[in-house]
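Chain nomenclature is as follows: A, B, C, D, E and F, assigned in order of appearance, with residue numbering initiated at 1 for each chain independently.
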Amino acid sequence: MNKAEILTEALPYMQKYFGKTVVVKFGGHAMADEALKYAFASDIVLLKQVGINPIIVHGGGPQIGSMLERLQIAFRFEDGFRVTSPEVMDVVEMILSGKINKEIVGLIAANGGRAVGLSGRDGCLISAKKLVLKDSSKDLGLAGKVDKIDISILQAVKDFIPVIAPIGIGKKGEPYNINADLAAGSIASALKAEKLLLLTDVAGVLDKDGRRIPYAAIAQLDKLKEDGVITGGMIPKLQGVYDAINAGVAKVNIIDGREPHSILLELFTDIGSGTEIARQ
Amino acid sequence: MNKAEILTEALPYMQKYFGKTVVVKFGGHAMADEALKYAFASDIVLLKQVGINPIIVHGGGPQIGSMLERLQIAFRFEDGFRVTSPEVMDVVEMILSGKINKEIVGLIAANGGRAVGLSGRDGCLISAKKLVLKDSSKDLGLAGKVDKIDISILQAVKDFIPVIAPIGIGKKGEPYNINADLAAGSIASALKAEKLLLLTDVAGVLDKDGRRIPYAAIAQLDKLKEDGVITGGMIPKLQGVYDAINAGVAKVNIIDGREPHSILLELFTDIGSGTEIARQ
Amino acid sequence: MNKAEILTEALPYMQKYFGKTVVVKFGGHAMADEALKYAFASDIVLLKQVGINPIIVHGGGPQIGSMLERLQIAFRFEDGFRVTSPEVMDVVEMILSGKINKEIVGLIAANGGRAVGLSGRDGCLISAKKLVLKDSSKDLGLAGKVDKIDISILQAVKDFIPVIAPIGIGKKGEPYNINADLAAGSIASALKAEKLLLLTDVAGVLDKDGRRIPYAAIAQLDKLKEDGVITGGMIPKLQGVYDAINAGVAKVNIIDGREPHSILLELFTDIGSGTEIARQ
Amino acid sequence: MNKAEILTEALPYMQKYFGKTVVVKFGGHAMADEALKYAFASDIVLLKQVGINPIIVHGGGPQIGSMLERLQIAFRFEDGFRVTSPEVMDVVEMILSGKINKEIVGLIAANGGRAVGLSGRDGCLISAKKLVLKDSSKDLGLAGKVDKIDISILQAVKDFIPVIAPIGIGKKGEPYNINADLAAGSIASALKAEKLLLLTDVAGVLDKDGRRIPYAAIAQLDKLKEDGVITGGMIPKLQGVYDAINAGVAKVNIIDGREPHSILLELFTDIGSGTEIARQ
Amino acid sequence: MNKAEILTEALPYMQKYFGKTVVVKFGGHAMADEALKYAFASDIVLLKQVGINPIIVHGGGPQIGSMLERLQIAFRFEDGFRVTSPEVMDVVEMILSGKINKEIVGLIAANGGRAVGLSGRDGCLISAKKLVLKDSSKDLGLAGKVDKIDISILQAVKDFIPVIAPIGIGKKGEPYNINADLAAGSIASALKAEKLLLLTDVAGVLDKDGRRIPYAAIAQLDKLKEDGVITGGMIPKLQGVYDAINAGVAKVNIIDGREPHSILLELFTDIGSGTEIARQ
Amino acid sequence: MNKAEILTEALPYMQKYFGKTVVVKFGGHAMADEALKYAFASDIVLLKQVGINPIIVHGGGPQIGSMLERLQIAFRFEDGFRVTSPEVMDVVEMILSGKINKEIVGLIAANGGRAVGLSGRDGCLISAKKLVLKDSSKDLGLAGKVDKIDISILQAVKDFIPVIAPIGIGKKGEPYNINADLAAGSIASALKAEKLLLLTDVAGVLDKDGRRIPYAAIAQLDKLKEDGVITGGMIPKLQGVYDAINAGVAKVNIIDGREPHSILLELFTDIGSGTEIARQ
């Protein structure tokens, strides 16, 4: 198959996604490897170039943890959420908005794209409120949950690629620490995104023979859980996918972020990448 | 090189040509072969999809000739121009505007694109006047030359792919038969096109060892003519290229229309196709 | 009555039709006579000039028939529809899109207007499918019926006068031969046209004393048919009118195309022309 | 000549004036006769309807004079200008802006048009300053001259027909009494109007045999003055025309306001009305 | 409290009213005193400057009465309405549109604002019909009531401050004399105004101790009427307020027009002015 | 002077600055005090509310220094510039873009405004290159200077208040550490700002009697330097002002940031704040 034929193979996919919004949760190994990061930025620029609207939401847990350690700030988790004191929040915001976010903006520029780094405080993109656990004796500090998405700022920067740090804004302008997957799902839902791509460190959902399942409905996955085929870390990951689908996102793709250009493969080739999950 | 890398290779070219106008003269063998025609239409749709503005100008000499024969209408050429009686003009217009033009529109639709077939009479796109030879005793009838290009209709249909039959319009609304290469050059010049692609039946301009010359300036070609490397049919073809460049087109590409997807190869890959000619 | 008074008489009509769409089916004797053709084009240009949106749909049966004869291509009709082999389709399209359509464009230009000649393949204006008779053993070839009207191309060329050849486009981009009256009715309906004018070779519907009926409701016409006042060729013509009204066109006018400037008389004077038919 | 032919005769004139601005100075007998006023308003509405931009500037000297008398306010003229005390100014403004202006607005509405009555104070349309005579011992009070035209308000009401009372506005918002012909000329000049029509009580400029001269250059008129053909009241009237031409108006027409629909005859028929004067 | 703090106090009010329409009925003492008039115009300009859309509707009863007397035109009232003969109507229109209206325009200009003076005849802003009393033997002449509000002209002049004389237009373009409070209420309702401010000669509605009531619901006022606290001239005034609220205006404010800058105090300070009345 | 009069005093200033751009360099004591920060944000929101375009550029030297110390990262200055190793750059960007920038965004939101925090990397707002000292043996690492300002991103977010961290972007997307005063001057110059306000810790330029000089030309300041009236830290500060003026900013104001609401006092009152400096 020659070069022209591969470009031609991409045409119907370009037509399919033209003008559509694709939210990409960027995280995991892909964010830790120089070559993968660069390939990721290049893919995003190509999407924008052909008329798709990519929106990036990124995480940063490991980098936050290591800075907290350098600064000797103690921290702990409750029920999987980081207890976020004001001191911790400062570090969360510095790492997310001040380091990772702007680095992605720089990589996109290096590939000829135009990005703008935002946090959920900018233009009150992500209004948040305090996250309260059922066991309310466990206070999570400034850990927050999404209250409302205001897409005005995203509409204003529509000619740019938005890169979003998952930080919310409270009634008094104060910051909240939001889970990146949930932020990405909420934004995808508010934008009526065509799909939500989750860059992960797995090849997708595997069947009992260890082969990647390209497409799956929720019921089918539930069956695989019952049958013990899906186990371990994939179970909470799928819960996040279900949450996004319940929030109104039509299709969520678990993509293999360890593979270079997995976004292009997923969107523009017959091969695809990872597993695409829809309600049915 | 895998699929994603080939798409990635195309990115800088897409960035380079984004928003630019590319006029394509469609003719020769590429117009006579079903598979080549289909590949041509697919390439044009891909260009439009990624934000380039392709404008097609087509010929149709052989098809006109064969219809004139079927209708037993005698015709002759003077100094290389078809003497165009009103009866001949009717056939020229029926074949160009009524057969070839709409067929290309249909092929583009078959590839998911939206085209609109025009002639130079539509919206007075190509105002023409009678072509008069130096030896004015030889009357060419309704053979015409471009007087003025009015791009209003092209601006109105900017979301569509215009396919243009090279017929001009006189002061009283009457048609003129215009040479397709000259029509393409005039339109490219009026639109300040980024480039003019001429689909031909040759591999490009060849050097003395028969190898394709990818880029050439006019002076370099003149030297090759003097040296007897360029001969035969390529000489009048180059004259057309010079005319287009003199009319203000920056770059003219002689493309090999016999090769499938030669337009994609030229625009989006490092390989290219044919010979690109610039003033210097 | 002096000139100024006649212009003043036209004012309330101009106000009434300002900004409205009027679809005109052009055909019959008016299309065969040089002076009538010129007067028709002049009327259309005047309509556009005063802010009305005229849309022309033309036929061409006699011209197609005579070209088929010149080319010695046999053809026949089934149930009133032309059986359209690919060879016949070529001729239909050449005559409609390549000869009649562009000639009208030229006449409009000669009157200072700006027209654009389209077929239903352009911008997929008329999506069509194969017309199948009840007696399905009679195959009509590429005779088609309207499936869907996409008015995008008409919106794009809103500053021009569209002249439309009644040819449809199939799923693979192929042409279909569509009845001009039906095409005009479908387009009028899709555009929510103020009225549909049918240029015919009669003075309108006549009452039992042979006097023109200026306005009529369907029920009134049905009564005249029962009473034997309306007979012969007028009966199928009225069926077409009923079809257009059923497709949602508010008013259909049967105009006398043999009278010069009958369109102006109908739209801008107290005299009128022909018969205006409404549901009730 | 039938109705349709008269409409057709108007077409090239409609094309010629489409989108152009025509300033009309309304005054004299045409403003004093009910039938003429109504015909005037009808003409103006027709102009607007066919896409011309008529701008009306009106006078009102006789009506002002009669109200001053009713109110027993003494007044006098110096060098042809009304000496305008604050008390006189009140009456000037009430008659112009409160009576004549709104009456014209009403007549236009009665003909189906949409007008808006303005004075030069609205939107600071006519900035004015005190008019000072050479003999500065003669004080003219609030008689003013045009300082600057600000066309913003005219652009805002472009979908309406502006009817303008010739009152200017000073630095402190105070009114000035401006000569209507000069106001019309200044506005025509600021709008780069196609022409300025002056409705007068004469048939136009006459030659030595008493026949109307349809077109004249300034030099030709100067010759007629020298030859004693042009005499009396026409001499100051022509001075106003020359002033307008010197202010940059291309063509000024002296129209016979006593003839019904003289504006339509001038603009839309081969007959014309009065005399058109251009620099050369 | 220093200057900056007072400006800062205004900020939340500016945010609250930004982009909102506020209709102001201008009348009474505020219109008769030079300093109050000037302060009023300054307030209106400030409103417009900070992004609020003020619309002024003015009265003029005393000025009309005094001009009728000067002209020795007899007039009388029936059921509180001025019987408006054509002769009276002329004076009404001259005073409202020709004197008061343009004077306010001038005062706004003097404060650096851009106003446009309109009457309800302009752009058919206020369509009116004859006001008929229950006792139809009492003919009110050209006294009219609002039939329909057409806000097109207000939309066209949105960058200007409209100053409106309460005169309506009938089917034949003729004027009608409309009550200013009712005109203001109808316009406020048609524009879905945020509030209607009525400048009056009282401090607002007072409670039994003579203290101003800042906010009141209709029921509360009805109770005060029953209790005999509200008496005299305030009763018809409140009826006008109820009418406006019934016509759909959310909030009506009775403002003390005798106090300089009462509009600013009401809109931009914690102090307020007069009484704000809402349905509940 | 009552509240309404103070608001009225502000009107001509609001008119003067309406639609104009004012760049504010935020730094010093005003950025370190909670009440001053809040008042600053409130002032900025008021400016935006009344139609001025405030653009904030902030510094952060002390906060950067203290974080470098906490992280035990050694650093030094050369010729007044911070030598910026990649490790230092990380801290600079985290503090500026991740801490201070988003905190200002939050304060603006708390005052009802909508801000968006940007760095010069976003949308390639500030293209930068390496700063090279005359003594090129002293390498400054990633200390940069402004190469080009691209205002596209500022135009896109025109409905928001941009808050800009002074970080530049290199050819490969890498960050550069830019002096905040120079960044503010370059942005003011690129935006053709009406004025540049520098919030400082002084009362302005003082004359020999210690009184604030409200307005000064460069020559006048040079004279005061010669005369020894201006000394110490004011000298380099003025150099920055001169640089901004030389870069094309018309007026630069040294404002007393220690005074609450000094921006409002400067822009909207007759009192003013600090010293306004113009070329002459």
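Criterion: contacts are C-beta pairs under 8 Å (C-beta built on N, C-alpha and C of every residue); 3 or more make two chains touch, one makes a residue touch a chain.
Just so it is clear, the structure is predicted and the values come from calculations on it, not from any experiment.
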item	value
Fewest hops from chain C to chain F - one hop per pair of touching chains	3
Touching chain B and also chain D, the following chains	C
Which of B-C and A-B has more C-beta pairs touching across its chains	B-C
Euclidean distance of C-alpha centroids - chain B vs chain E, Å	69
Centroid distance [mean C-alpha coordinates] between chain F and chain E, Å	47
Distance from the mean Cα position of chain F to that of chain D, given in whole angstrom	56
Where chain A and chain F are represented by their mean Cα positions, the distance between them in whole Å	35
Where chain B touches two or more other chains, by residue	none
Sites on chain E touched by chain F in the complex	3-12, 14-15, 18, 39, 42-43, 45-46, 49-51, 111-112, 260-261, 264-265, 268-269, 271
Residues of chain C that touch chain B when the two form their complex	70-71, 90, 93-99, 101-102, 105-110, 114-119, 121-124, 152-153, 156-160, 167, 169, 172-175
